[in-house]
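Please find the structures below.
Below are two complexes that have chain A in common, paired first with chain B and then with chain C.
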Partner chain A sequence: MSKVIIVGYGPAGISAAIYLKRAGLDPLVIGKDYGTLSKYPKLLIENYYGFDKPISGNELIENGLKQAEYLGVDLVHDAVLSIDEDVAGGFVVVTQENTYKTEVVLLATGRDRVSVKIKNYQKFLGKGISLCAKCDGFFYRGKRLAVVGAGVFMKQELDYLNHLSDDIFVFTNGKPLEVSVPNKVVLDPIVSFNGVNKVESISTGENNYDIDGIFIAVGLPSTTNFASKLGIITEKNDVVVDSTYQTNIPGLFAAGDVIGGPLQIAKAVYDGMQAAAEIHKFLKKK
Partner chain B sequence: MMIHELTIKNFDDIVLKNEQPVLVDFWASWCAPCRRVAPILEDLAFDVDGMAVIGKINVDEEIELANRYQVMSIPTLMVFKNGEISEVLVGVQSKETLKLALDL
Partner chain C sequence: MSKVIIVGYGPAGISAAIYLKRAGLDPLVIGKDYGTLSKYPKLLIENYYGFDKPISGNELIENGLKQAEYLGVDLVHDAVLSIDEDVAGGFVVVTQENTYKTEVVLLATGRDRVSVKIKNYQKFLGKGISLCAKCDGFFYRGKRLAVVGAGVFMKQELDYLNHLSDDIFVFTNGKPLEVSVPNKVVLDPIVSFNGVNKVESISTGENNYDIDGIFIAVGLPSTTNFASKLGIITEKNDVVVDSTYQTNIPGLFAAGDVIGGPLQIAKAVYDGMQAAAEIHKFLKKK
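Our next item is the complex of A and B:
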């Protein structure tokens, strides 16, 4: 069991890992992709200290990973599917490949980039559209439901909801289905969610499906999903932390773009260093 | 500065007929994020003592109230002013956000 799990291996996550490692702790870093820095492969970084020539985001991330590896940090290329509080204290982190127990989690997941661009999504969020099956499934027992998504995350939410209703559609929203499900599947892209005060139907242009509730599980779970399931306070998509980089959940820290502020490498690296110092203090007190 | 346990029997008196703004927390024991609301409300109760009323509704026990107010996600925090809903917040909120919702 690792005492600290860092989710995300961008500048904030790796910076925290380096400081924690050097402080004598053995953090485990779990990352799934290169995040914002790989978004524009041709874009070169010129404003970060210490590089005589501009460097690409991918190269910078790869250097960071190599640096962490050189220092003996455990790195895992894997996607986190869920983070839950453990009844015995600490957290249980489930990934595609593994299940981990840990005392501290540091979210260094970057900006939430999974956005749903379907008409009326924002309007019905909390009014028939849910981001968490375990939180809201209760209200939809025996109802006609839709789960939007095509992969393992969708399957995870669907498996839970299938116990609560036997009338559930899967909408892949135009994506090929990546997992096998026993439910009815609609492959057409969704044009809009419809209703008056709450969601009443999903339109794919050609067809209209009457639905009582919609669960969104597109791609892989994002920070927003972890936050709503755990009860982390967020403000305008940013995770709220106190001066010790801790969220409202003791032992759950966050650093880098995920907590807002300047979306700069220098700031993320600083956050990582500070969060590492605070995590070190937190574990010492225990 | 107590937090009222609201039921279908006391709801009208404590919430709808109150002259002070009332913050109502819809929760359930199986809801993990709901457990994060409780300490925030306890803290808030001190801050707004004498200026606002805070109550909570267990949706497992008070199904009628949850249905009446179309609660479809918990935690849901609802602010009532003069017997009417003035704000609905879904998910865990900071103390400051809740104060603003109460106009305090």
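Our next item is the complex of A and C:
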């Protein structure tokens, strides 16, 4: 068991890991993709201090991973599916491959730029569209539901909801299905969510499906998913932290783009360093 | 004339320069030595994010200079001797080679780790020992004075004081004299400053010299020297800045180790980025 789990291995996560490791703690870093910096492979970084030549985002991320490995930081390439408070204290972090217990979690998950681009998604969010089965599933007991997604995250949400209703569709929204499910599956792309005051149906090019509630579980869980499930306070998509980089949940810290501010590498790296110092203090006090 | 002069080309200074340049301003960076990072050539940096292998301080500084040059930043390798407020507004920056006018100065001079290691130096600082001829010279009119130093900075202070007294010794404190002076010169190392409530004499191994006032001008002017001359508020050797990285003197900003906080590259780089944004705002308002 690691005392600190860092979710995300971009600049903020690795900077924090380096400082924690050197402070004598042994953080475990769990990351899956290269985040924002890898989104624009042709974009070269010129404004992060210390490189005589411009460097690509992928190269910088890989440098960071090698740097952490060089210092003996434990890195796991895995997708975090859920983070929950443990009744015994601390947190339980479930990944695709494993389950971990930890005293402290640092969210360094970057900016959620994945958004669902389906007509009326924003309009019905919170009005029949939910981002968290455990948060809202209870209100949809016995109703006709849809889970949107095609992979492990969809499966996780579906498994939970299948206990609450026996009339649930899976919509892969045009993606190939990546996991086996005992439910009806619609592979057609979704054209729109429909309704008046709340969502009432889903239209694909082919059909219209009457639906009482929709759970979005596309790709991997985003920070927004973790946040809504844990009850973390957010403001305009940014996780809100205090001056010690702690969220409203004791022991749950956040750093980097996920907390807003200038979306700059220099700021993420600084955040990581500062959050590490605060986590160190937090664990000392316990 | 540059609108912004950055004094110091370590991580804070160059990070600020990069951001200012990319914001469309043309900062001039003046630096002389590689600062703290070059003091321990065998020490390798492992905790600054983005390098797969540890990097030496000198290498990092040189990378930073090349990075700035690549982006077209004007760099001058020169020693800043004085910074003064200009009656017409803005500042006059005097270097060994030149004189510059500017609207904004960013002090990114790092940590003053040069200290005078002479017995009773601390005891008599402010009690007969001064760090600024222009600040305190007037109080020593016609007295028997000593200027401690061997180079251009000593010469600058001496030139000023020679108008106020015709009985001034230069003490090089064991260093070879680097500039011509019309005064009596003592090359012997200083053993101690002596006195009861204030300084009264200087002892070398060979002799004892009765002295009313001593002006320290060793090496190049330090931030402490700039600060005391300009009337910048400092606290325990740190330049005090507000949340916009501005000192108590409008238009005079400071960033990096010189303002205290964690003495870390990540923090200096972040400071530089933030100070650049604040300088940009400051100039826009004018």
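We take it that the second predicted complex is superposed on the first by the 286 of 286 C-alpha atoms of A that agree within 3 Å, B and C clash if a C-alpha of one lies under 4 Å from a C-alpha of the other, contacts with A are read in each partner's own complex, and residues count from 1 in each chain.
The criterion applied here is as follows: a residue touches a chain if its C-beta (ideal position, glycine included) is under 8 Å from a C-beta of that chain, and two chains touch if they have at least 3 such contacts.
Note that the structure is predicted; figures quoted are calculated from it, not measured.
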Winner on chain A touched-residue count between chain B and chain C: chain C
Touch check for A:Asp188: first (chain B), second (chain C), both, or neither? neither
In the overlaid three-chain picture, which partner chain does A:Asn47 touch, first (chain B) or second (chain C), both, or neither?
second
Is A:Gly231 contacted by the first partner chain B, the second partner chain C, both or neither?
first
Touching A:Phe138 in the superposition: chain B (first), chain C (second), both, neither? first
Quick check on the superposed pair: does A:Asp74 touch chain B, chain C, both, or neither? Answer first, second, both or neither. neither
Using the superposition on chain A described above, determine whether A:Gly126 touches chain B (first), chain C (second), both, or neither.
-> first
Intersected contact list for chain A, partners chain B and chain C none
The answer for chain C against chain A in the complex is residues 11, 14-15, 18-19, 22, 46-55, 60, 62-64, 66-67, 70-71, 262, 264-267, 269-270, 272-274, 277
Within their complex, chain B touches chain A through residues 28, 30-37, 40, 59, 66, 70-76, 88, 90-94, 97
In the complex, the residues of chain A that touch chain B are 84-85, 125-128, 130, 134-136, 138-140, 197-198, 213, 228-235, 240, 248-249
